[in-house]
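What follows is a pair of complexes built around subunit A, which joins subunit B in one and subunit C in the other.
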Partner chain A sequence: MAGKSIIDVLENIPREVIYTIVLIAMILPLLRPLGLPVPVSEPIKKWYDAIESLPPGSLVLISHCNLGAYPAFDSMQVATLHHLFSRPVKLVFFSIDATGLVVYDTLLSKVDPKAYGKVYGVDYFHIGYIPGGETAMKALAEDFKAAVPSDYKGTPIDQIPMAKDIKDIRDFTMIICFTSAGETSIGWIRQWIVVRPEIKYLCCVLDMMLPTMRPYYEAGQVAALTGSAPGGEYEFLIGKPGSGIKKADAFTGAQLILLVFIIIGNIASIAKRMGKGGVR
Partner chain B sequence: MADIITEIITEIGIWIAAFLTIAIVSVVYRDNPLFKFAEHTYVGAAAGYSFAVAIGNIRGYGIEYLYPTLKDPWYIVPLIIGVLMYFRYHRTLYWLFRYGIAIVVGTSVTAAFVRSIEADVLTQLRSTISILFTKGDAITILGNVVLVVAFITSLYYFIFTFPSLHAGSLGYIPRIGRWFMMIAFGYSFATTVVTRIDLFVGRLNFLLFEWLKLPA
Partner chain C sequence: MSVLYRRHIPLAITFICGLIILLQFFFVPANITEPWQSSLQYYGVTLTNWANLLANFIIGFGVVNISLIHARRIMRAKSWVDKFYSIWLFIVMAAFIVVGLFGYPRMWWTPLAANWDWLQLYVLTPLDATVYASLVFYMASGCYRAFRARTLEGAALLVVGFLSIMYKTPLFQAYAPWVIKTIDWIAKYPAVGAYRGIQVSAALGAILLGIRTLIGVETGYLGRRD
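Take a look at the complex of A and B:
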């Protein structure tokens, strides 16, 4: 430390120190929740209202996330499933990524459809992973049964009762997409919403993708757009507290600490540039 | 008995997941053998899993239509295209793989491009132009005007064909555009940080409550 000014020290805080402080700021609120208020933001309200306004019997396509992004989407997906299963609608699950099937099993271990009186094949089913990205979306829109020979367990599609009436895109009322990939979130717009704008598109992306998706929302192509972080708000809204609410305090703690470090770094940098770095 | 075995297997899975999570996160200290092990395990497991899924897809979307009963002979075409890809490893017939690649890329690009004009360009343009005529309170109108100014000045910034458009008093326009873009990049970076925290808090949640089983 000898010979170093305060400004130098502040500008060169070892990253190990920063990581440790951020880690503590995350762990403490997880262990001892601060109980900070959970205000429900506008995007989450729109998400909730869109699902709540689904007419009985509506068919909803759920394109869930891949395994790598699961920690981020966990609370939003679980809360959305609780909400959807509580409504008189039918669900078709779809995985655009090969690892998505593991996510589906994990989700259903947290949300029990039987608790809502839902039966596999009658109220919901999973069509598995279909390779091809946008070409798969296009194929589903044009001829559902040709694109889906069987469900994810290998049961032929003709033997699934609720699949009998599904022909193409016109049978769906809503798509709900959870994704960490831009080509997926925009792909649904290109292959489904452009073709049939009546379909409500609910899109939950990683928060870093929000700037990219915002123009589509403003243009009316997305009915509700949210990042993955506000899962706690949704849990609060539907009255099913879960990991999202627990994570909210840790999230706030980490952000506040990072904000402090950004301010310190900038003050040090500006002070140095202004020639005031000689204070010992 | 079956329940106990399932429970043991689940518990082993949780311990492996916890070990790999800690090993991956250890890179924030510095690169180390533990991180390398976890990284290679991840790549290997992902490759193995993808291979198994791919085999399932070849069977479900190809072979089952052809054998044991011939349901649709046209399904031989994607199988041939797939086989063409492997000619890449043949010394003299390697050029055949280009046809496979060309067909796959051509189909995917066409599927995206046809609708891209409407989804990504025309609708966005209509929305941006019509925003000026949207009624609302003073804040909404101000926000809309800022959006249109940001759009025009940012677009102007990228006109490099005529240097005179960037000179003199006209030079203020791209400068304003650059400021708007810097703000947008700041927003993007902030949301990137938020995403990383979100992912990490998710893993912490797993370590504390599923692995260590601390009281929630």
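Take a look at the complex of A and C:
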């Protein structure tokens, strides 16, 4: 950096420096939580209320995320399962990605259904991975048993007690989707909600996907829409603190540093232009 | 191959399948009353399940395709460094296929079930998560460089981007509720309006593409014409 003024350096901070400082800003709050308040936002309240208002015996389809997106959705999925298992509802898990089955195993290792008195096959079961994306969603909606001959372990669907009464889309009350893929989050609307608007659709996507989903939410096709980041808020709301609350501090740390970098970059940029003869 | 096999028969199959799915969507109600509705529903469901089965074959096709590409790369590469990544791909692919065949829960014989779980949990999960998580650093560096008030448009991006980051920071959610209200308004009105425009245009384009495909004008999916 020899020969460069301080303004030049601040205007073009090397990316290695940014990476290192952001990393430190994320790690420190994880090692030593700051204990900052975790306010519960409106989307999380709506998510909570939608699950809380499910009538007893309701059938809920859970389309969980793939393996790559799991760290992002971990806290939201775990908190949602805690909430669902505490309610008198039945759950059907579905994986739209080949790597999703490991996510299911990992989720159930964190949320023990037995602790809630839930039994596999009676209160919940997993239909496994069905390839095809939207055609798989359509197949499930039209003829559940034709699309799902067995559960993810290979047990024939007729031997699963709670599957006996599931025929098609009309038996479901709610879909909950956790996804990092736009075609999945919108696919459920195209293949399920358009066909049967009575079904409540709860959608959790990566935060950067929220603007794409917002028109569907405003149109009433999505009952609750949230990003994956506020998992800590949901953990706080249901009284099951987990990794999400710790991550909230890390988000604050990293994003505060990022805001500081943006301010520094703009001040340096303006100062440089003023030094050259005024702001253009 | 004659034009009949290469062109006319695939076009006829596309037309018939597309038409059945369209008719099923528009003319089969939730409570079926007529026998023709029941037949249409049956054919629609069957075609949909065929599509899901075909999706399985696409995975196999992908394996063949990637194998051919990397086999060619191994044969043509001049240095061992260039060959290494392709050879490593074959080793990992073989390991996953063997362990998957004898470890995946739905298989008939699963002596490698523990290895399957281990590969997924301790190899695939951290690798996948690392790729996703590394984005945060690129995005941080990108935001720092892109959010500059050099022009009017750049200033608008800076203001909205800055407020959006504040909106997603728990600290500001607790102590600066005005940020939440501001970004909520932007997300609810200008952003939704803009996205609706994009989405409606894309949907109209998709409908047109569908019609062109059904009537045989759009033939890109048939492959190269000779």
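Throughout what follows, the second predicted complex is superposed on the first by the 272 of 280 C-alpha atoms of A that agree within 3 Å, B and C clash if a C-alpha of one lies under 4 Å from a C-alpha of the other, contacts with A are read in each partner's own complex, and residues count from 1 in each chain.
The working rule: a residue touches a chain if its C-beta (ideal position, glycine included) is under 8 Å from a C-beta of that chain, and two chains touch if they have at least 3 such contacts.
This is a predicted model, so every value here is computed, not measured.
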Have a look at where A:Lys153 lands relative to subunit B and subunit C in the superposition and call it first, second, both or neither. second
Applying the touch criterion given at the start, work out whether A:Arg15 contacts subunit B, subunit C, both or neither, answering first, second, both or neither. both
With the two complexes superposed on chain A, say which partner A:Leu31 touches: subunit B (first), subunit C (second), both, or neither. first
In the superposed arrangement, which partner chain does A:Arg170 touch: subunit B (first), subunit C (second), both, or neither? second
For A:Pro211, using the defined touch cut-off, is the partner it touches subunit B, subunit C, both, or neither? Pick first, second, both or neither. both
Taking the superposition on A as described, I'd like to know which of subunit B and subunit C A:Gly232 touches: first, second, both or neither. second
Hey, is it subunit B or subunit C that touches more of subunit A? C
Hey, what residues of subunit A end up touching subunit B and subunit C alike? 15, 19, 26, 69-72, 98-99, 131-133, 135, 138, 150, 207, 210-211, 215, 218, 227, 229, 251, 254-255, 258
In their complex, what parts of subunit A are in touch with subunit B? 15-16, 19, 26-27, 30-31, 69-72, 74, 98-99, 129, 131-135, 138, 149-150, 183, 186-187, 189-191, 193-195, 206-211, 215-216, 218-221, 227-229, 243, 246-247, 250-251, 254-255, 258
In their shared complex, at which residues does subunit A touch subunit C? 13, 15, 18-19, 22-23, 26, 36-39, 41-42, 66-72, 98-99, 101-102, 105-106, 128, 130-133, 135-136, 138-139, 142-143, 146-147, 150, 152-154, 170, 180, 196, 207, 210-212, 214-215, 218, 227, 229, 232, 248-249, 251-252, 254-259, 261-262, 265-266, 269-270, 280
Quick check on the complex: what are the subunit B residues that touch subunit A? 28-29, 46, 49-50, 53-54, 57, 60-61, 64, 107-108, 111-112, 115-116, 118-120, 123-124, 126-127, 131, 184, 187-188, 191-195, 197-206, 208-209, 214, 216
Please name which positions on subunit C make contact with subunit A in the complex. 30, 41, 44-45, 48-49, 51-52, 54-56, 58-59, 105-108, 117, 120-121, 124-125, 128-129, 131-133, 136-137, 140-141, 143-145, 147-150, 158, 161-162, 165-166, 168-171, 173-174, 180, 184, 187-188, 191-192, 195-196, 199
